[in-house]
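One structure, as structure tokens, below. Some questions next.
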Amino acid sequence: MFDNFDLMVEGLWGGFVTTVWVTFASYAIALLVGATLAIMHVSPVAPARWAANAYTQMFRNVPLLAVLFIMFFGLPKVGISQENWVWALLGLGLYTGAFVGETLRSGINSIPLGQAEAARSIGLSFGQSLGNVVLPQAFRAVIAPLGSLLIALVKNSALVLAIGVRELTAEAQVLINDNQNRFNLWMVIIGVTVSYLIIAFAISYLVRLVERRAAFTR
Amino acid sequence: MFRRSAIAGLAVVAMSLAACSGEASQEQEEQEELQESVGEYSMEQASEIPAGLIQEIQDKGVLVVGSKFDQPLIGQKDTASGKIEGFDAEMARLLAMRIFGTVDEEGEDANLKFVETTSENRETYVNDGTVDVVIASYSMYPERLPNFDFAGPYFDTGQNVMVAADNTDINSVADLAGKDVCIAEGSGSIENMQAENPEANVHTLKDYAACAEALENGQTDAVSTDETILYGFTVDKPDAFRVLDSSNIFTEEPYGIAMPLGETDARMFVNDMIDEALANGDWEKAFDLSFGAAGMPLPDPLPTPNRYEPM
Amino acid sequence: MTRQQQSTVLFDALGPEGRKRANITSIISGVVILGLLGIAAYRLAAEGFFEASRWANPLDTLIIETTWIPSILDTLLAFVLGSIGALLIGVIVGFGRVSRFAGTRGVAATYVQFFRAMPLVLLIWISFTIDGHFGFTTDVLGWSNDMRRLTFLVLGLAIYNGAILAEILRSGFNALPPGQAMAGYAVGLRHGQVMRLIVLPQATRNMLPAVLAQLVILLKDTSLGYVITYPELLHSGYLIGLDYGNSFLQALVIAAFIYFVLAYALSKLVKVVERRMSRKTASSAKAVRQVENVATE
């Protein structure tokens, strides 16, 4: 049962590392995209609002896996070819970005109107009232939902196995389907579930930490 | 509001669907013509059904075959007819006829069912009984024999070279010296090529489709991998590519039919089926329906099942 | 408070000069956005993306009949069964989360914590693999492969989304002012009565939008059936694309579009319900939003 333990741990560790870096790298993209979308959503420029809305609707109603398939299998047919990990980061990032945008927007909307009114009445511009008054408060309101999105992203990152990125779930598949080494089924399952639990708990802990920090500065 | 937009959406889909008639209808006819010109199989039910796997299959009345759904000429799902096409699928049909006397793939009473398998899960599927046998371009390498019982080989192939159709100066593996040869990343074909002709400039792309594209665009001189895969590309573009003569094949890929370890009687039964098909001309018909239709010349010699001793 | 109000408060009602400037910015940004779309369309057109034959092939009547329509039905089947299962599990575990008994609460909390951390694709694939390992459904129950795939896709969808629905249910309860339940106890109702008569009707109203939003996600998640080669929409689009290499992108785009239509219709239903809810009880809008934050991918 423990014959190939080292080999199994080695495999799962490789997957663990891939899952973690794919998650955080695509989260960075998602935050950028989401922030841009949120600003477009609340801006006075109508076409920007429409574009942001169209983008959000598109990604909210199409499965992530379909997005990854279109990128990886489809786009090379029109001459746009990239390595699979590039598509993995872009797919996860652009998709999650739509949800980050919605979260930020509802965060902005959760700030009492009086705040914005006050900012406007002392003569601050759109940029100033957004940047100095509304956003800092909105940030506190969105930490928890942004944290949930990060955990969701960890889980969604498993889908990039479909385009050949060897993250945790893909690694577990490889181990279980390996007929040469015959890894113990239960050991692999325990290994992979514990890995995901560790990531999820670490992130929730991190989120709570950030939340507490933000609460003190109020 | 919801209902209206839903209906509108469905209407748009329905309209765009109704308007089309593409290649599929035409291909369907071609397929039928090919089937007609090749003729029916003459495989008959075996007089004796051995106990074990084959008996079980006959008792439950259906043969479940693990097969590729995405390999042209080998095992590919025709999304217009729902049938699985390719040489592996034809072997499955012959095996069904050998067990049941007839083959029927449609409806509730079908006695042959295909289950999609990939290179990653085909071993698991044999072991856990998801499928009865796997016929999925599975090479019976010696190191795999201790894990499964393999009938066959029912087809011998190996690595060959494909060049542009208008290329006249590459006619053997030796001619590849100093030429660019495209191979898919991570493929075992890379090492084989480097061993066979160290002077070839091997470079890699994501997959063989990308290599074929590069060859068509003149970005590389040749593509090299299993001959069966190479002929898969000539189906879509017969005027663009040329596969070198089969005498150039420089590796051995003996495709076998895998079943759980210890099913020696079943293995011998399937070997008998292959021998019978080779003798009565059914094997050649199966070939004409798949590889032959893509322009591959009939192999010489034909494969001979390897009736190895139980491991 | 709607989004419109917030965004209009953030900038002044513009004067003539300002309006002119805003109009110019709008026009410029509109032109830029259209320009980007135009460049993309031009590039696609140059690569033959819009060629009629590339769209006609995957939309051939034969393919629609033998592949698209069955796969849409298979997708909807998995969605309906998965939703029923998820709602059942969600209600059971959700009530467990607010149970009076610490043991029950603990079990329910563990369930939620565990399954919220697991990728759905892993759950679907692992349950399928474990079953195959022991041959339970094949040997003992004698199920066909189609049945097995449907079962384990639905099982995965139900187990995973059940955990999230339970969380929505719990926060629906918690979003109610505690005074509501206390008032119930004060007039002498028992725990069951308080739940049934006071808490549940109000909580249901608060969490309905979030539940429906989660079902939209469940619909999209049926695409994960590909991992056990369940014949759902995306998988079919992929096989059609392989069959007609020149239409690969088109086949996948068609599949994505069908998902879009289905999910969009469902989310429109969510909007309608949301509006009805907020019309009935204006004060619970905040509670609704609070519950919504629980629902994620």
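Things to note:
Chains here go by letter, A, B and C, matching the order in which they are written, and residues are numbered from 1 within each.
Criterion: a contact is a pair of C-beta atoms (placed from the backbone, for glycine too) under 8 Å apart; a residue touches a chain by one contact, two chains touch by 3 or more.
Predicted model only: the values in this text are computed from it and were never measured.
Placing every chain at the mean of its C-alpha atoms, the farthest one from chain A is found to be B. The chain pair with the larger count of C-beta pairs in contact, out of B-C and A-B, is B-C. Each chain gets one centre point, the mean of its Cα atoms, and the points for chain A and chain C are 16 Å apart. Put simply, the C-alpha centre of chain A and that of chain B have 40 angstrom between them. Shown for chain C are the residues in touch with two or more other chains, namely 129, 133, 246, 264. Contact of a single residue of chain B with at least two other chains is seen at positions 124.
Touching two or more other chains at once are residues 173, 176 of chain A.
Here chain A touches chain B in the complex through residues 76, 81, 83-84, 173-174, 176-177, 179-180, going by the rule given at the top. Interface residues of chain C, counted against chain B in their complex, comprise 53, 55-64, 66-68, 129, 132-133, 135, 138-139, 142, 144-145, 148, 229, 236, 239-240, 242-246, 257-258, 261, 264-265, 268-269, 271-272. Those residues of chain B lying in contact with chain C across their complex are 1-2, 5-6, 9-10, 12-13, 16-25, 28, 60, 64, 69-70, 76-82, 113, 115-116, 124-125, 128-130, 209, 236.
Across the interface of their complex, chain A is touched by residues 1-3, 5-7, 9-12, 14, 22, 25-26, 29-30, 33, 43-44, 47-49, 114, 116-122, 125-126, 129-130, 133, 216, 220-221, 223-224, 226-227, 234, 237-238, 241, 246, 248-249, 252-253, 255-256, 259-260, 263-264, 267, 289, 293-294, 296-297 of chain C.
Interface residues of chain A, counted against chain C in their complex, comprise 41-48, 51, 57-58, 60-67, 69-70, 73-75, 77-79, 96, 99, 105-106, 108-111, 113, 116-117, 120, 125-126, 129-130, 134, 144-145, 148-149, 151-159, 161-162, 168-169, 172-173, 176, 185, 189, 192-193, 196-197, 199-201.
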